[in-house]
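Paired with subunit B in one complex and with subunit C in the other, subunit A is shared by the two complexes that follow.
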Partner chain A sequence: MTAVLEKSFVDTAGRPTGGGRRLPSQWLAVIPFFFYLGIFLLLPTLIVVGGAFFDRNGLGFSNLLIMNKPFVISAYLNSVILAAITAIAGAVLGAVLAYAVVSGNPNGVFRRLVTSACGVLAQFGGVTLAFAFIATIGSAGFVYLWLKQHGLDVYAHGLWLYDLRGLELVYTYFQIPLMVLVFLPALDGIRPQWREATESLGGNTWQYWRYVAGPLLAPAFFGATLLLFANAFSAYATAAALVNQGSVIASLLIANTMTSEVGLHDPGIASALALVMVVMVATVMVLYTVLQRRTARWLR
Partner chain B sequence: MSRARRTKLRIFRIVVFIVMGAFFLVPIAAMFEFSTRGPTDASPRTLSAWLSIAQTPELSSAIIASLELALLTSIGMLVLLVPTMIWVRLRVPAVSRTVEFLCLLPLTVPAIVLVAGLAPEYQWISLNFSDSILTLGFVYLVLVLPYAYRTLDTGLAAIDVKTLSEAARSLGASWLTVMLRVIVPNMWVALLNACLLSVAVVLGEFTIANLLNYENLQVAIALLGRANATVSIAVAVAALLLAFVLLVVLSFVGRPRSGVGRLEEEGLSGFGRQLGGGLR
Partner chain C sequence: MTATIAAAGTGTTARAGVEVRLENLRRRYGPITALDGLSLTMAPGELVALLGPSGCGKTTALRLLAGLEDADEGRILVDGHDVTGQPANKRGVGMVFQAYSLFPHMTAWQNVAFGLQMRRVHAAERRQRAGEMLELVGLSGYANRFAHQLSGGQQQRVALARALAINPKVLLLDEPLSALDAKVRARLRDEIRRVQLEVGTTTLFVTHDQEEALAIADRVGVMQSGRLEQLGPPTTIYSRPASAFVAEFVGLTNRLPGTVARGAVDVRGTRLPLVQTDVPDGPAIALIRPEAVSVLGDANGASGPLVGTVIATVFLGATSRVTVDLGDVTVLTQLATSEAAAHPAGTRIRLAIRPDPVLIARDQPAGEHR
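For the complex of A and B:
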């Protein structure tokens, strides 16, 4: 790196400014960066895309035909439902928490505490989060035992924690803080003057939310919901730690196809499944960006 | 605001904070509670699970591996990203959008997808280069890019890189001196933040290590969970506490200086806002 930088300095020093010949030596210094990302980010992505379209007979769509299998459809459907439910629950609850934060002192310790906690909790996932919930409402967890002593058996209809419904509860744990972080700037953009203006025109609270704040916040809210959807849809670690067997959701299915745990070992199929996931996530993220831009107009 | 509405708002806030606080704190408290349980229901509270962390060899080797990976990833991130970002700002602004796009790309490519493409690469690496767990550092560097990029970008934006470097260059400093002795000392808060975030990400990473069959901290905790739930939960709490301490440090460093206040608030909430990373 040093040699490259020194070299480019020597090269450029004697040359006149401007002209096409200057360009290459300046670019030398950024080549390691592009080279590295080429190998460890772009190449894996290309391997996934390539692997999805190439099989033993060459170029074709045979790997993608796996998407027609009932167990694949159900895994993706489960993922979509799981992501949608936790995104909506996280968005609504997160928005309520964000509003509770915003309605307080903007420079207060409390707000600082909540945003910091959200910053940590939004990334709290994987094995630790799964364990936290097992220790809480697993069959030996103290909340479960306490509820049972008081006559409420949450597992009366089966042990749902290690199931899709368990994932719904556990995912909500990181979805709410993520929503707070994403939605807080939009709520900060709402001016108290707008409420005063509504009131001076005779509007009540309902009318303020329905005709003023609601429409202003809607793009931010739906955008954030999409982000939460992508977040839950692509999550793997928490589900892997919580769900012991089976491929109930798409990310677990991809993992099991890769590691041949279900006798399905096939890199081509795994690539096809991964490609479908990345296309779905990318689509959602593009929509999120569009809505985010719309929100940005009000956030000055 | 009328008095009635103010009271209603107050009650609303208190209720929300209590309910949410319970939802978020109870599972963490439950982990503590679980990790101090004795062998039977009747036995008294004990710290034996915590004490046996050090006596579980597969656990200590995984902890060491994860710490080494955290160090390697942080160093690699600094070496790769800092000179590139400064250079792009100064000399080739034409590629700044491309660099930003590439650095933020890991947010859109889920870790589970990345690992599907990495599997053949790591097969090759383990055959021809090394099969050490430390090779995971290569891909962890990619995982921490979005976190590090945002932090470093905020840090660079807060100082006048161009004027500083022109002043140093006109006094005869080489580019290396400009970077190491002029720009880096002016943005050490951002560098520290980027390192802390990288460490937090690496210590929490599970997806890629698990699917490439390497046993890092999180994978070891997951494996141990099947055999000895109390000890594995104790380690999980310990790892969580460590990450928490790192992030608390993150939110406190560099506070006295004006202009970086925004940075450290951005640091934590920016951390939370990232997708990908293989943590969830």
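For the complex of A and C:
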């Protein structure tokens, strides 16, 4: 009898009453993260969505009509072009650098140096990065002045650092290391046996890249390029620090619409503009996830 | 091209292999000598297994033959042609790797057809040939599966089909079973042998697993420190090892102290002839197979140099391995399980050593079983 009672106690002690399942303990550790996510991502997103569909007359789509304005279309187009150029440049240059890293000793100094540097530089954005460029190749920057003394005036046709072309250069600076960090695991997943198998089956280097390594790395490459696109498309601080006049890109336009003290100020329109940006970035990130999943299946 | 490939199709029974000769191959990696003058001739259609511990040079030999690495010295002849400087993709060598060598973004049939695609074989013929090869390895129903949808054994069978699809002059197997569990390993080992006999391709099989090598090969080459210690049929390698290393690496061996005198060694009162002819008189360690040790019977209360106590019995199926403590040394003997059951642990028994020729290991301690 005692044994039966003891067994009964043991069987039920681990479960909460009411038949529900207990939350696994590891979930406790991520509760602060989800809380943080809720407060600083989910809630602002909901506010943006709500704000985009509410105007002075209540629920409606009038805020979204701003998307038809030429200056808005121009800002978004500029953002897409800026993001696309810096994503492609960053992806290509970053992939080349990442390939150089995996071609070397996996435990070597070169790899450790590059990955550590990329870890820092990928996060090196905003005002600090803008200042670094202004101090070096700005109109009074020491590199610019040195080049000019040696007969190379990079601003002979205008001070491009503070417009879209300048943003392209500065954004590429943090896109390359981000690409290295994102693409390196995929390159590490390429097994040497695949190249050797290709060779033993009669393939040459070109055929290896055309039929084996290329298709295997393509999803990871394009996924990483999409991530870079989203990264550049939604970037704000660096552009805000460099570009003082006008709203040449979407993120600056949203900020101006939120904070302008002249006629452009309209939180509802700002929400509509932000919503379009959220939708675009979310779409890109979904595509990125799909491609990453394929990469993970092939290159684990 | 079409005719060449069709020649090794399913159902081909004639041995289509070619002679392969490795002549005095040397390969160094900095200060390390991986191959130290390896010479080996493989007869057409023969399956030779290179066996040895890690770092003995067996994989290096295979990679040199595949063209994946270059020899510092020596020549490689395939069907009488010197292929030493030829790149891997021109050698016509099929290779099965240890594991994970299937292209993961291709289905099984696409993997098998890949080598034909590289040879610009027409798509319809590729498909047909890949189908035949998959049928040969018993995977015709898995043609459209990707590598991650196949078990480890199935992946290796696809890899075998892929290597054979190009009708290679030589088939190279680089520890193809080492990543598989024991049951699958034994089954696939037999499967590889069946397929190899069916297509008749000269095959080099590299392994560190002695059971695998002895079971599958026409001849086994035992390697140590970049050299071929012995090359011969499995039975010869096991029963007449040419060196102490081979004796100890292949199979279990008792290391019993004895005294060499006049071309024989006295081990615990039993005089055994020697395999080596250059052993000086004096103390020595004799290497004796467990199956050369038999049980004469119970020996309760008796004493003698070959009387001891059973301390352990390992059931192996039809046979059992019995460990007997002789006081100063332990001895392994392999008995029929029914006989071993008659002598449980703790039983005092009397042993006998069959007077087969034995090898001498003079520089290592006695009493260890290898």
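The criterion applied here is as follows: the second predicted complex is superposed on the first by the 258 of 300 C-alpha atoms of A that agree within 3 Å, B and C clash if a C-alpha of one lies under 4 Å from a C-alpha of the other, contacts with A are read in each partner's own complex, and residues count from 1 in each chain.
One rule holds for everything that comes next: a residue touches a chain if its C-beta (ideal position, glycine included) is under 8 Å from a C-beta of that chain, and two chains touch if they have at least 3 such contacts.
A quick note: this is a predicted structure, and the numbers were derived from the prediction, not measured.
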Have a look at subunit B and subunit C on subunit A after the superposition and call it: clash or fit.
fit
Is A:A87 touching the first partner subunit B, the second partner subunit C, both, or neither of them?
neither
When the two structures are overlaid on chain A, which partner does A:V72 contact: first (subunit B), second (subunit C), both, or neither?
neither
So which one touches more of the residues on subunit A, subunit B or subunit C?
B
Could you tell me if A:P267 is touching subunit B, subunit C, both of them or neither one (first, second, both, neither)?
first
Look at A:T259 in the shared chain and tell me whether it touches subunit B only, subunit C only, both, or neither; answer first, second, both or neither.
first
Examine A:A186 and indicate which partner it touches, taking first as subunit B and second as subunit C; both and neither are also allowed.
neither
Should A:L242 be classified as contacting the first partner (subunit B), the second (subunit C), both, or neither?
neither
For the combined overlay, can you note the least CA distance between subunit B and subunit C, rounded to whole Å?
6
Flag every residue of subunit B that touches subunit A in the complex, lowest number first.
5, 9, 12-13, 16-17, 20, 23-24, 26-28, 30-31, 33-35, 79-81, 83-84, 87-88, 91-92, 95, 99, 102, 105-121, 138-139, 141-142, 174-176, 179, 200, 204, 206-207, 210-211, 218, 221-222, 225, 229, 232-233, 236-237, 239-240, 243-244, 247-248, 251, 265, 267-280
State the interface residues of subunit A toward subunit C in the complex, per the touch definition above.
191, 193-194, 196-204, 207, 211-212, 215-216, 297-299
List of subunit A residues in touch with subunit B within their complex:
1-2, 5-6, 8-9, 26-27, 29-30, 32-34, 36-37, 39-41, 43-48, 51, 93, 96-97, 100, 103-104, 112, 115-129, 131-136, 140-143, 173-174, 176-178, 181-182, 184, 205, 227, 230-231, 234-238, 240-241, 251, 254-255, 258-259, 267, 270-271, 273-275, 277-278, 281-282, 285
List of subunit C residues in touch with subunit A within their complex
66-68, 87-95, 97-98, 100-101, 103-105, 114-115, 117-119, 148, 162-163, 166, 172
